[in-house]
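The next part holds the structures, each set out as structure tokens.
Note that chain A is present in both complexes that follow, paired respectively with chain B and with chain C.
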Partner chain A sequence: MSLAAEHPVHDSPRSIRWARRRASAADAWGRFRRDRMALLAFAVLAAFVLMAFLAPFVSDRADFSAINTGDNPTNHPPDGQFLLGTDSLGRSMALQVLWGARVSLFVGFAATVLMIGIGVAVGLAAGFFGGWTDALLMRITDWFMVIPFLPLAIVLATILERSLTTIVMVIGVTSWPSTARLVRSQVLSIRERLYVDRARALGAGRLHIVGRHILPNVTPLILANTTLAVPIAILTETTLSFLGLGDPTQVSWGGILESVGTTAVKAGYWWQYLPPGIGIVMVVLAFTVIGRALEAVLDPRLRER
Partner chain B sequence: MRAGFVIRKLLGALSTLAFVVVFNFFLFRIVNPNPVDSMFRGRNLTQEKLDEITRKFNLDGSKWDQFVGYVRQLLHGDLGLSFKGNRPVATAIGEALWPTLLLVGTSTLLAMLGITLGYRAGWRRGSRFDSTATSLSMITYAMPEFWLGMVFLGVFASKLGWFPVGGLEDPGSTATGFAALLDQVHHMVLPASVLAIAYVGEYMIVARSSMIETLREDYLQLARAKGMREDEVRRRHAVPNARLPVVSLSAINFGFIFGGAIAVESIFSWPGIGQATYLALQGPDLPMLQGLFLLISAAVILANLVADVLYGKLDPRVLGR
Partner chain C sequence: MSVLELRNLHVTYRTEGGLVPAVRGVNLVLEEGDTVGLAGESGCGKSTIAAAVLRLLPRGTEVTGAVLLDGEDVYSMKPGRLRAVRWTGAAIVFQGALHSLNPVRRVGQQIEEAIVLHSSQAAHSAHSARSARARVGELLERVGIPAANADRYPHQMSGGQRQRVLIALALACDPKVLIADEPTTALDVMVQAQVLALLEELQREHGLSLLFITHDLSVLTHTCQRLAVMYAGRIVEEGSSSEVFTHPQHPYSRALTAAFPTIGDLASRMNPRGLAGDPPDPSALPAGCSFHPRCAVATPECTTVDIALRQVAVGRRAACVHVGVPA
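So, the complex of A and B:
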């Protein structure tokens, strides 16, 4: 890297900073690209995201509302007309799976943003302020860490109104503790670095130190953690919907599995319960593979693994 | 020192339990101050009748009075009355406890085979064994456990007919002794293997990375320098040191397996805590849910306490902290 050559001394600190970030991003991408599995996972994920985006353009939600499917054959195995067959109300399984991808991905992303947001805020505050703030926040984190997460989510989802917002909130509020711990331990180690001391000696305020020195240093780790958190969110949404706690007005993969239930399994209607599950496995697997690859790229200690 | 450590952990666990009790009480009350109103809305009941029901479920008086009443009840082992069938929640949970302990216990033991796999994979990382085990673990991790349950039910029970589709034992079975036991085992094979497969991957991955962490330690080099065989180095020096993170994981996973059992039990009609939770959701039967949540939390808190104390025994370095 010849930063000095590309950027003469009169460059502003801002442009140098950005050049440095660009360089390290390019470096990370270069290393990520060498991981074949990660690239494949990336392609799979892109396909699902595309599918979710295109759903409203290739079909109408009304196409599989029970009112409009009266003439369709029920529990029909896959054929030319119905690529994945139909369910007990004659609704096309292919369309349901297509639309289900939207909800599963949306909840996955939205809940992850909330989960990471809470975790980062708590972790940063605890690690940076230390003292009683740290003690109190870590006590609360420990509580949430120990309380079994799915039963807690179930209780919350039962009490609150059934909606996508509820699902997102419930997942976000119950699953942040491990992020908080991770961020806190990172902050604790970065806080003691020399350059933070130097900034402090030069009179930098707390906000400046957090924003300029600590946050940029924890960001890569947060990014990898985010990718690994999406599977948790998607799997939780699936389970909650399967238990009948999802949004009744939306089709999600978990919701499809709930509506076909063990009746489909016992009747041997494999086209009703296999596709949504395979969708979940592929998306979750893709995120896990990408997350682990990112972790390996961004955390040099893991590189040799 | 040692007693101090145990007491500190014990106090921590008690504080978590207290948090759960307070949380459990206010959560159900604040969001829905008087569930009786919403439960019986639209039914033609006189005000007196409604008042009577309100009293029966301990919903009269101020929030504080209700809370004190709730805690007093808990101390007497009373979890209140279920909305369904008017049965005490404690009785209903008591009946469901044994099947779940059997199922969760068996699948946890099976899933722990992943630890051995993980140690081996980590010891020979990059080998074919390692990459196969790691990929398989990631795939099982990606599967919702209840979906795997559906697939197993479809293949092994419906299609092949090797195992019963659900329940704890054959209905109307009069078998006793060994035959009855065999019947129960036959019924448990599918749900237990589903839960075990769903969690074996996590054990494997954690055991593997903890082993890799250990591989860098100097004492392994020293052991080799002493002329120990590779196998012995692994068994005597690497594995005992790689054991620590696995202990904490086991406690956390215990909670997850409990959670996973909710959907899996409902698929296999296994009459345990999980199915009771699933049934309590249809209604919803709030006192039942409250009791179940408290019980599951208490079980997981206890498991964590045991793991913490065990950790102190395995790694004396944490005692001082």
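So, the complex of A and C:
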């Protein structure tokens, strides 16, 4: 048997490139794995995401609608039949928490995408074009920044149709300014670099320069910002739902807290408010811990400390 | 027809402190295959000329006169035409190789960028991507870097290698004119010699016209046939490089050449001669000949009369009262 057959030769540039990518991904994962807290947070988050995905397969949404739960005991503490007890209408709390994870996670991700999208677009345009564009976009950014967030979100959620899309829109539209500022300041520094002049000398147009030279250099910043934006979006969704501004046809953790209300606390029905509350805290904490760990893994400067 | 011609070029920067004339009436002609050196102290307008050729000056900079690339005025081109001419008509080897390369992109991608930007729309196929990559390999091999290193990031290469990458990049679109803007500034002497040898070789091989900008006269006499010495935004002397270096006419060129010690010559070693003072502030130039405050042979006339370039001998001009006959 020839040696070459045993060890296939990988020497094409493409295979070398992929081998290098695999190696660096394995390296990053290895470093991430050494952080116990991050690994735990990752497991928690994975469990919640799995829960959210599996909800429609393991249960029927109709099981906790207000109409056909009449036979169930109300305000029933957890037992073998109802793992997390029931609420004042006799609906299973376990099912509600399970389905609530779907909404909270979906809104968290979707709103983050929207908010990062707007923020990056505004920041790039303002920083790169400068002059009038910059002045105009930054004044709009300032405007969104000085308006207290909650009243604006409440007004928007009130005048728009009550739906998940509205919630996502409200969060996205009101929380992009800090991202825009962050991106703009980084772009301002990058656009003065010599290699941008060099690209211009090459005959590159503006779109090309922004897409190929400026955006790749802001990406690490955007990634770091994203991991911090997801928990904020989830908390905001919870806040809005808790204030009764969410979609009444959907069950979300914030919505559960709102519907069980203070009566549950006063009556000591802990199974009604603790599970959704703990869910929120765990997901938000998991994202924050993962974000920190990722930052340390991806940024060599933090690693050396 | 000359491949590059500067006609009475004036470049004035607008700053918060007012107008700053950086280039004041420069005429320069580069024929096909010519190698012309542009020498002078920092701040005399050398790099401004390099940027002016491809219209890379900051917005709002005032430019008068003409820059003709292959007979076409760069300053009257439409944006699309200008983008097409950049890098195909004239390419620049930038100074500071570390900063001219994007740190987050592989060097191969950055050379490919130039090729892809200048290939036609229809060429954005898999085939052309492959051929672009092959061309990148060729270019890198040509400047003495293994083609496999196209996968490296700039920080994984040495200073000399990065400068070679920039040269490969400059050659990517087969430009007629190559402007080398202090390409050897940050390199040690050995690497500098290698890069110079490479540039000369490529110039001969491709019949390139080379405009070489540096403060280092010895580099220029080595590389260029003709030499122009700049002072305060003007050319004060020009001629064949060996003549200018051995028999400088203008007092400034004399001071420049005298600043180089001759190896083995004890007299020059024990008695280094430099030029006292600093180059004038371009926003507040002295009246008359702008060099007179630092000139050893200045006459009272020099403080009031600004001498234009005038003929000294065949192909030899200088701007000094002591030199040549007034026209």
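Here, the second predicted complex is superposed on the first by the 264 of 305 C-alpha atoms of A that agree within 3 Å, B and C clash if a C-alpha of one lies under 4 Å from a C-alpha of the other, contacts with A are read in each partner's own complex, and residues count from 1 in each chain.
Here, contacts are C-beta pairs under 8 Å (C-beta built on N, C-alpha and C of every residue); 3 or more make two chains touch, one makes a residue touch a chain.
Here the structure is a predicted model, which means the values were calculated and not measured.
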Superposed partners chain B and chain C on chain A - clash or fit: fit
For A:G244, is the partner it touches chain B (first), chain C (second), both, or none of the two (neither)? first
Should A:D197 be classified as contacting the first partner (chain B), the second (chain C), both, or neither? second
Specify the partner with more touching residues on chain A, choosing between chain B and chain C. B
For A:L207, decide between first (touching chain B), second (touching chain C), both and neither. neither
On the overlay, how many Å separate the closest CA atoms of chain B and chain C? 15
For chain A, which residues belong to both interfaces, chain B and chain C? none
Residue positions on chain A within touch of chain C in the complex are 13, 16-17, 20, 193-195, 197-205, 208, 212-213, 216-217
Can you list the chain B residues touching chain A in their complex? 12, 15-16, 19-20, 27-28, 31-32, 125, 138-139, 141-144, 146-147, 150-151, 153-154, 158-159, 165, 209, 212, 252, 255-256, 258-260, 262-263, 266-267, 277-278, 281-282, 284, 286, 289-290, 292-293, 296-297, 300-301, 304
Complex interface listing, chain C residues touching chain A: 54, 56, 82-88, 91-92, 94, 96, 99-105, 113-114, 117-118, 133, 148, 150-151
Hey, which residues of chain A end up touching chain B in the complex? 139, 142-143, 145-152, 154-156, 158-160, 231, 235, 238-239, 242-245, 254, 257, 262, 265-266, 268, 270, 273-274, 276-277, 280-282, 284-285, 288-289, 305
